[in-house]
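What follows is a pair of complexes built around subunit A, which joins subunit B in one and subunit C in the other.
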Partner chain A sequence: MTRNTLFGGAYAIAFFTFLFGPLVIMVITAFNSSRFPRVVPWECFTTGWFGELLGNARLMDGLLNSVIIGLGVVALAVPIGLAGALALSELPARLRAMLYTVLILPILIPGVVLGISTIVLWGQISRGLGVGALYNGFFLTIVGQITFVSAYAMLVFIARLQRFDATQTEAALDLGATPGQAFRKILLPFMAPAIGSAAFITLLASFENYNTTVFTVLSESTFTTALASKVRHGTDPSLSALAVIIITITLVGALTNEAYQRRKAAQAGGPSARSPLYANPITQALTHPGVVFAILVTVIAGLSYAGSRHDSSVCEAAVLQDKMARQEALRAAQQEKIEAQQAQENTLPKSNSAFGGAFGGLGGSTPAPEPVAPKPASPSAFGGAFGGIAPPQSDD
Partner chain B sequence: MPDRSVLLDHVSIRFGNFTAVDNANLKINSGEFFSFLGPSGCGKTTMLRCISGFSEPTEGRVLIGGKDMAGVGPNKRPTALIFQHLALFPLMTVAENIAFPLEVRGASKKERRKKADELLDMIALPGIGDKKVSELSGGQKQRVAIARALAVEPDILLLDEPLSALDLKLRQHMRTELRAIQKQVGVTFIYITHDQGEALTMSDRVAVMSRGVIEQVGEPDLIYNRPRSAFVASFVGENNGLQGVIKGQSGEVAALETPMGTFEARVGGGRKYKPGEEAILFVRPEQLTPGASTNRFEATLTRQEFEGATNHVFARSADTELRISMVNAGLAGSPLGQGENLSLGFAPMNATILPVGHMASEA
Partner chain C sequence: MKQLKLAYSTLMAKHGMGATLFVAIAVTLWVVVFITLPQLSMLDYSFRFNLPADQIGTEADHYTLEQYRGFFFNADGSLNSLDLMILVRTLVAAVVVTLIDVIICYPIAYILAHGAKEVAARLMVIGLIIPYWINEILRAFAFRVLFGATGVINTVGMQIGLWDAPVDFIRADVALYFGLSYAYILLMIFPMYNAIEALDHTQVEAARDMGAPLWRVHWRVVLPVAKPGIVSGATMVFMLTAGALAAPQILGGPSSLWFTQLIYQWFNESSNWPRGSAYAVMLLLTCISFVLLTMRVFKVSVGEIGK
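Presenting the complex of A and B:
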């Protein structure tokens, strides 16, 4: 029994570490002034990476493009998905199974294929029609993403439609409603929650898509493609700052939604109705989703303001000073070593071995030997990481 | 007074090879409470959907108030349908449900509320307009559905077994209530049911259907006392069927030779039989009495089912199981014992001879 609980506890800890560990590390690195995202050695607490992120024009342009494309995809994929789901619900069983497979296929096809086929098809069309405007990164990306994103929306709608009682529509018709009125007044209100979740899912699917977008976006870039190309050129903690922002938005959304759900359950008289939180008028007001949202936003705004006022330049200068001093010390030690070596060399006889210059370091005729110290830091991605040592000065 | 009649003019409804309604031909009068009675699958719901406009007849015409309804959709017909499961709109309040027909016709909010309150008064549920549908009890939902259908101000109200989901007590109460509402509003009610109790107690006239065919149309007592087919005789109420061969006929009465003996009975549907023809004699359990002087026979009591006012007695005679209803004579009467010999008889006018046909249990 106790062994089981012990094992269970350990497993839970391991599981959550696996799940959330990377996020925690990432959040910490966002506030470390080190040029490479890392937790140790801790240099200085800084909020500078947020500024660097917001100052990155390529990322910010990509973000705007992503929002435009995302809204376009939502506006088109949601109605298409709803229409598909409605069509499926009206068809006889055998035809339905076939059409379902056809409509779901784009989800199963690799995004790369969809992306390439989208450019090929629309390239042909725009050349054929002589309309160059069709061959445009925004248009192609929206069209390309819709091919599979609308299938996601359709799945959401199918699930909801299965719970719809078709006699409701018949009743509305019988009571004098036109088919349009029956749709607007009976079916749409019933589908409203599904429309909300479909819009959310399609927006996220569009926003985070890479495989298809990287082809269809042509010379433009979305947030995701801009991010990918930035990572290719080396990462820095401004990406951690981005992760902090995304995690914060998610948390605010989740907490507000949780407050809303609990309140709804309490109003419906569920088990949470008995919670003392809903008995007291003050705590009841405090747990209103609107209030929860407002409090969270205020706290975040306050933290952001405080963060924007934080100046880590003194600390960073100190760290830099420290680094320089260490570097100087290292260089001095190295110099000493070399001198000691040269002195030793002069006391040894000349070698006539066949290996001559091969072991050049020992040959007196060779020029000043290369330093034994680490190779000079190249401007690599790991620059700062292994840095702290400037290229050696010319030895003599 | 508007013409609220329905005329089914040789209506047939087919789905592929399957005939759901076969040549229905009848007139439902203005202001009548008319029931279609039949076992499930007999085509009565198909008939209802055809009258309300959800399907069109394959052959024949449906006329409402003298007008041909071909091509007129359900939202354009002067009918309102109460669905089996009511189909109240769960996302709307009670008042919004009732006023829905006015809403889709563009009535103002005030007008809608006024009408909803009026109808709520009529169904004796004032003040529940702002409740959600889910907060209502079964009987309240039932009445709200009726109010919503009446808000259309229909000429014809169609009811598709709306009481089947209620418990027995409430069902009996709603029967009286439905009848009262119908008398009050004067609308033609067309009621679909498989429950003969409902059909017989509420209706002015009943149409008994089986396998898509209307077997008989008439007042409830005629349906019960003068069945015109073996199906009607066996489906409506309990009946004993004795198969035999016709010996002869004189006027309304014929003699039938059965394994239990030769009996005389009224000929159903005014038919003429030739001697030697096969036929069935139907006699109701309550018509078999020890006191009757005609058509007498002997039987052995096999078992009894006591049900308060009535004692259902089962007896065998010449390998035929008979059902006999006896009025409970109370403590003054002498109790019947197992295996007792009964001497019974029935009056020729209280039994019907009908041609051989399919029976209710085979439907």
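Presenting the complex of A and C:
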């Protein structure tokens, strides 16, 4: 058994390395000053990519559009999902299976297909009615996303409804409540936490969506589509900086939630109630989710402030200097080679020179330097680039 | 109809007029306007010619099989093997990615359901969810950083002398396969976990006590219970992979297109919507029939999905 446990543990570690490895590397590249996101060679520690990210107007416009669309989607998808879950709970088994299949289908249909079908339908409607206003990116994206995002909300509500004790409603009705009152006073409050998490999930799904949105958003752009076009047209580490921001927010949320869950478990008398942390009033206060959250935010704010004051220009200048020096050295080496070659050419009879034939007609008597010859010999890309610049100077 | 009426009257009795109307209107709107009509409209569009706006509605605007013929055959009547091959390759790649996910996720789902202690299990769940929070585009970008010509894998590989020149992982689609398998891990693990968790752990212990080797315990005891979860997860991963657009655009090699990219090109680069619609219909039909066929083979119903 221990051998199996060991194997299981090792597998879990390997699995989570795969899960987090790419993210960790991406986070590291956000702080390297190299123009291409990479870890090695490490050039300078910099926080400049965050500034570059915030200065990207297209992404920031997209962010605003995404928020508008996200709010629209939440406002519609959550009620629709709730209605779907309620309808499923009351239908007889056969009809329920059928409706469930239909409602769950949008999750499975490729997002591309949903996007296309949305713009085709609403394009036809707006042409038919002559209402151009229907055919705009915001409206189409909201409508297109609702189709499948409502299904996510519905799944959340179904899970919650399964734990609903229907006798509560019956009791309320017996005691003289109208069905409407029972719905508002009993079922809705019971569903409240699910409404919160459904709103959260739908907002996230709307925000993240690419496949459908890239079609329905037409000439506008959301945060995700702007991001995708940026990645497709060349990468730079400001995207890694964005990942750092998102990961940080996620971690703060996860840690606060964990503190909240543990506190709840401790209050309910679970195993964590025996933890000494909850016996001591100071540590008890420190593990309060609000305090945890405040501490994390303070730490991050402090780090961001320190980061914003960090100036990597000296180091970057040094790296540049270093690169220039290396190029200079390469150029010098190259020039030496050229001179050696020229010397050789001058001593040899002209007809023997490799270029004599080609350049003979151009007046071969001048010792024309041949920029082409040394190029392939240069060992680095910089040598190649500077090879073209170096020879004209060798005319002197 | 009768059943609908029954459901309506129970809703009325339980939740009242307002709630019933709300449910009826919202569900009808969702099913008819958001789900059914767009698909029908796309289907209708795929049987039309690509006409300029002023000719729509004139007699030139009639139904045709032209768009589908364009998918199956070239202009000279020969088989359009290029586009057909892209569809086949997309499906095969999606199957491969799905199988990879089944294999790497099964042990984790089992450990999560039966091996891990309470705290470890909660940490694992958080660990599974966090990467899923990061935008899909950024996850693909992370793999580009990892696998690029000057990426970490190439640099390390060259430094320890495994290979001399940078390996083009992007062109070889290695990065794409990694990125896609990574992207949908969560959707595979949770249905699997839900199914395996329902298994009483004493059954596993009993099988072990009777002397069954580990692989047989999994094959005969755990897998039959996990099957609906595996099929449900595999369906989602397959459909999402076959319909993926961002990852192939970012990680795909220049010479290999994903079928969704083809659709994207018809819409956004060639502005031929009817042809793009026909291609989308083809993608939808092939994927759905493939999934239904697989479900029939494994004897699982659609109702299992999403649980």
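We adopt the following convention: the second predicted complex is superposed on the first by the 325 of 396 C-alpha atoms of A that agree within 3 Å, B and C clash if a C-alpha of one lies under 4 Å from a C-alpha of the other, contacts with A are read in each partner's own complex, and residues count from 1 in each chain.
In the analysis below, contacts are C-beta pairs under 8 Å (C-beta built on N, C-alpha and C of every residue); 3 or more make two chains touch, one makes a residue touch a chain.
Nothing here was measured: the structure is a model prediction, and the numbers come from that model.
J.: Kindly classify A:T178 by the partners it touches after superposition: subunit B alone (first), subunit C alone (second), both, or neither?
T.: Both partners, subunit B and subunit C.
J.: By residue count, is subunit A touched more by subunit B or by subunit C?
T.: C
J.: Touch check for A:Q168: first (subunit B), second (subunit C), both, or neither?
T.: Once the two structures are laid over each other on A, A:Q168 reaches subunit B alone.
J.: Now for A:E258: first (subunit B), second (subunit C), both, or neither, which partner does it touch?
T.: second
J.: What is the contact status of A:D322 with respect to subunit B (first) and subunit C (second): first, second, both, or neither?
T.: Touch status of A:D322: no partner.
J.: Figure out whether A:F16 sits in contact with subunit B (first) or subunit C (second), or with both, or with neither.
T.: second
J.: State whether A:I80 touches subunit B only (first), subunit C only (second), both chains, or neither.
T.: A:I80 contacts subunit C only, not subunit B.
J.: Quick check on the superposed pair: does A:F190 touch subunit B, subunit C, both, or neither? Answer first, second, both or neither.
T.: first
J.: Do subunit B and subunit C touch any of the same residues on subunit A, and if so, which?
T.: In the superposed arrangement, which is not itself an observed complex, subunit A uses residues 173, 178, 181 for both subunit B and subunit C.
J.: List the residues on subunit A that touch subunit B in their complex, please.
T.: For this pair, the touching residues of subunit A are 165, 167-168, 170-178, 181, 185-186, 189-190.
J.: Within the complex, which stretch of subunit A touches subunit C?
T.: Touching subunit C: residues 4-5, 8, 11-12, 15-16, 18-23, 25-26, 29, 36-40, 79-80, 82-84, 86-87, 90-92, 94-95, 97, 99-114, 116-118, 120-121, 124, 127, 143, 146-147, 150-151, 155, 169, 173, 178-183, 187, 204, 208, 210-211, 214-215, 224, 227-228, 231-232, 235, 239-240, 242-243, 246-247, 250-251, 254, 258, 261, 271 of subunit A.
J.: What part of subunit C is in contact with subunit A in the complex they form?
T.: Listed in rising order, the residues of subunit C that touch subunit A are 3-4, 6-7, 10-19, 22-27, 29-31, 34-35, 37-39, 41-42, 45, 56, 104, 107-108, 111, 115, 118, 122, 124, 126-131, 133-146, 148, 150-152, 155-156, 182, 185, 214, 235-236, 239-240, 242-246, 249-250, 260, 263-264, 267, 273, 276-277, 280, 283-284, 287-288, 291, 301-303, 305-306.
J.: What part of subunit B is in contact with subunit A in the complex they form?
T.: For subunit B paired with subunit A, touching residues are 52-54, 73-75, 79-81, 83, 85, 87, 89, 91, 100-101, 103-105, 148-149, 151-152.
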